[in-house]
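Note that the chains take the letters A, B, C and D in the order they are written out, and that residue 1 is the start of every chain.
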């Protein structure tokens, strides 16, 4: 649809879908910062995460996880943007940014504690600068904005040093319709907060195509708030890196918010509960499978002679190990004790929780007592 | 502030602030549809409403009203846009569009029932095509959009006849920050609903200048949703008419939503409870008092010789009569019976309401009984 | 503009009761309502080709077209807000909120707008909007997918609130809700979507084709004695009716005769039915999945105690979730009222 | 970046009690909290130069600057949502919602995000956000300006909910709320803003300067016996404490000795204090401005009945608003619990 939200107008592409390097004056310099080892880092992040993603999907199919959400197909923009981050930056993911989680240092199998229903927040956000996943669509965009306002207030922008930081906030195409996201744009704009909003337009919000959310490319949303923006090929990790680097630099320097739209494709189902055959054509899936971001970077690495066998073997081993560990760990985790449900409702004691906890403990032990008495 | 939300860039003006007719190719044709009698209609609506507005303010000061919200200073865009409406159009006001209410045929003094605390909705919206005032900022923008979706569904657009209609939805500069308004833009855009959003940017949301809501002119908000838009001098009733006519025509023809930003000024306090001396300069008020929309149209009418004395006398009389009637009516209204609080909670009987109503009636009559027994 | 499919009302009505799942019964009820009145629209996320994440609207998009089964943008406030606008224009929207936890972005539109419009317009405007919400737990879901927000709606005047516990009620009540001129929050106990039961389709279809919507509203507002008993009144609704009936069986084996009242409607509450039962049994337990504190059980307890004080042998006991956010699904069965916990309350109320 | 004004903590502390209005006491409490901790920020609509529509933040913008007293965009979800983000970054935001009726656009952020963050992060994250809401009626306002939404927050685990009835409590509790690591909804009975009372400023300032925030939280969570009595326990909070005390005087003239309990905290509820009183008097009436149905009174009634069943001479009675939207202000005094209606309940409970 010409001019519609999936029009390719203005997309920054530095690797075409055959893996050939394209030039774009605005971003070539930034892209050239990527040494071969950086390219391999991105490749590793994509491949290892995909191995993990496959393993998690299989675990869900075996009934070991309640749900699984794949990043399949979106690894390009995730790896590229994740590579552009510094330790001093802070990430507000939605719930699909597993590649970025890996790059921030999360041991991915731990994430499965969430999807197995053991707990809601299996990592320490401040330790790795990666907030918890948020399932209420759009809500986190305001948290990200507030956090960025706080970084600004703390003097963490514009010093020109490595200490400068910014927030990056990921969201989906569907999420752009939520009031919260639009309020986040307003707050970010008027406070000039150091934040990069990165829309992963994977063309679907469950069964709804992006045309149900917008009639023009989502990148334009920024124009209405006076926020600079850029549109990038989301299956091109190099362009993803370059454009995100530009945006983060803008924000870290004290120039305020930026919005990026990355046009990509959700190659898998929405989640393990979804059945895409109900609403989309196989041909579309095939088209995008040919544009797999992993294959694209692989071609390029091969072409520039930076894809040695040892490297392939190494990441394959890492992927296998990760998958294996995921399988073992998941099955090893005991259910938490029931009384843990009373923990951390409040930071200070609260009478309702204390009373109910005591009641529950008495109630539980009445069973043990009965059994012991037998 | 250059480029800021109060920049005058792109404002359509057809009467400058001395009341001199300016040319604008895009809108001259539409403006020329206004016969002298139409111009006088607009003038009458502004002047009579202002007389009413003054009277209501005085009544509030005398303790006869709980609150009053003036339209003072914003009569230009209200009269212009209201003049562009047809019977087949439907209005969703915010709470300040008294001129439009007058034009739609509301007997203005009735409106005071709301501000005296007698009831919440003193007119029949469908009778005059003018919805109730909505006090939760932004909420009505979605109602307006849904209503427009319904008009479309009913085949009320694109026939090229007088039956074609559209919705016009008024909102303030502050309201643009609400999530609801932005969701309304999304729904309107993707459903191509026949609706005109008219932002009356009166430069203030209570004590907050428009710079707290946006860093660029609000008209641009539309760009991010793929909605055509226009910016108009809000103190120029002729331009207000022409631009709104264009927008309504666009919507009625089935071409979808339009957004208008009218730059005007709230000459009075936010409401009778407000004290603007706390937050704004006298000089700004003076500047805008010189740009009073009524004076502007008056100069023009005088200049073109369409301001006869009889007319002046007539509307003065109408204003006086309206003000007088407002004073008399307000004082004549008895408080509603207490039991009316149980009416219309539901359309069908509801046990909780019935039970409480019965209880209350017994309780009330116990006093009468006691008194009677004395 | 419109691609309405006109069929004879009731063309789907079977003569004899048929077995249906609760999801199937709601689907059939929606279909019947859409056939009866072409002002009925469905709105929500993924309710079109996908048929909703629970497939409750399956097939309706195909049969009624995309102008009557509307896949909306992903914005709950927008969905309810535009449904209000459509309501003002004479349409009857049935909104699907994808999961209980996602109704909150629409809370303002529901509470300050939808609930009050009839009142504030002095009865001139009516808003026959139905908001369907799959609710409650026991499906092993992650966060925000197992909430029981009923008390938050029951407190708000202007809303009706109903929740079926059987396929028959689901079929009847969804149609009665759609026919009702008031806004109705329709809570669907999602863990019970796949339970089967006999559904007689004739009666309510006849009722509504005859335009008896006032009778329909009254009927929808009544509780049902799901099991008669003389020792204890066990009050439940939606997802816990199933639990209550199981507990009643267990209690029966211990010679405690439990009467189970299925409230069906939470606004209004059918207090007379509960009080009548309480006066007979002298003992009342209320069970719901929502947290006990400030839950529906508090109102039932307060109202029954006010009206049957001298008949009560023991205080009304409440069994619900604890005052904590929904925990990980691996322990949801401990958080929610289990058969054991309800039975424990029965024992306590009996031995009081 | 920061224009914090550093003053010696406590520089505003007077030695002897001074007379303050409730609004003034909150203002002084905010000032003291901001002086003590420069992470404390105020956020809201019109709270800066204007000092808020009730002037509660008057002078603070001038003294602490616009980076600590922040006039936000007109978007309540945005205000609470960004306050959460600032909280994650170590700031303590005190949000002002302009009127009770305008908290609903923020309901999702409060209910699904603010309330749950500590829990879902296993206690790793804390969100010391205070949300100040001027609430309740009796100011003759138009629609949406007189709501009493407390029950909607009390049902939600993870939130605390307090409401002062006197200038002294207002002064103490606003500071205790800000010092508390949990999110606190701080309800201000707006019709009482201009009531004057003695305020001793020393004690709580000392408590908090000594870092005793846990003690402060515990103290903030306790009910207060506002008047001792032996015949009936009258439970009130916020705006109705004032009514309850008047009723107690009237009853005293009829030889009915009413004990008035001011709850102060609605989450947690101080049930032990209420139950202890109920056991002494055997008769309980609860009064609040929110609608009776599913109000705080329902929980009080249920809990007291559970815990003091055999001490009760009569069922707990409730007096609140009716199940209807807030009516026009000309009849709000009939809609709200009046002295007459509360006294009527006292008579009924005594004669039971």
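Here, a residue touches a chain if its C-beta (ideal position, glycine included) is under 8 Å from a C-beta of that chain, and two chains touch if they have at least 3 such contacts.
Quick caveat, the model's predicted, so the values are computed rather than measured.
Between B-D and A-D, more C-beta contact pairs are found at A-D. Note: the chain lying farthest from chain B is A, by mean C-alpha position. Put simply, the C-alpha centre of chain B and that of chain D have 36 angstrom between them.
Rounded to whole angstrom units, the spacing between the C-alpha centres of chain B and chain C is 40.
With each centre defined as the average position of its C-alpha atoms, the distance from chain C to chain D rounds to 33 Å. With touch defined as above, residues shared between interfaces to two or more other chains in chain A number as follows: 119-120, 136, 177-180, 183, 186, 190, 212-213, 345, 350, 352-353.
Residues of chain D in contact with at least two other chains: 72-73, 75, 77-78, 101, 104-105, 108, 112, 116, 119-120, 143-144, 157-158, 293, 322-325. Against chain D, the residues of chain C that register as touching in their complex are 101, 104-105, 107-108, 111-112, 115-116, 119-120, 143-144, 151-152, 154-155, 157-158, 290-291, 293-299, 301-302, 305-306, 309, 314-318, 322-325, 352.
Considering their complex, residues 176-180, 182-183, 186, 189-190, 211-216, 220-226 of chain A touch chain B.
Considering their complex, residues 1-2, 67, 72-73, 75, 77-78, 80-91, 108-109, 112-113, 116, 118-126, 157-158, 160, 180-182, 213-214, 217-218, 221, 267-271 of chain D touch chain A.
The residues of chain C lying in touch with chain A in their complex are 45-46, 48-51, 53, 71-75, 77-78, 101-102, 104-105, 140-145, 292-293, 322-325, 327-332, 334-335, 340-341, 344. Listing the residues of chain B that touch chain C in their complex gives 119-121, 124-126, 131-132, 134, 136, 139, 141-155, 179-180, 183-184, 186-187, 190, 343-353, 355.
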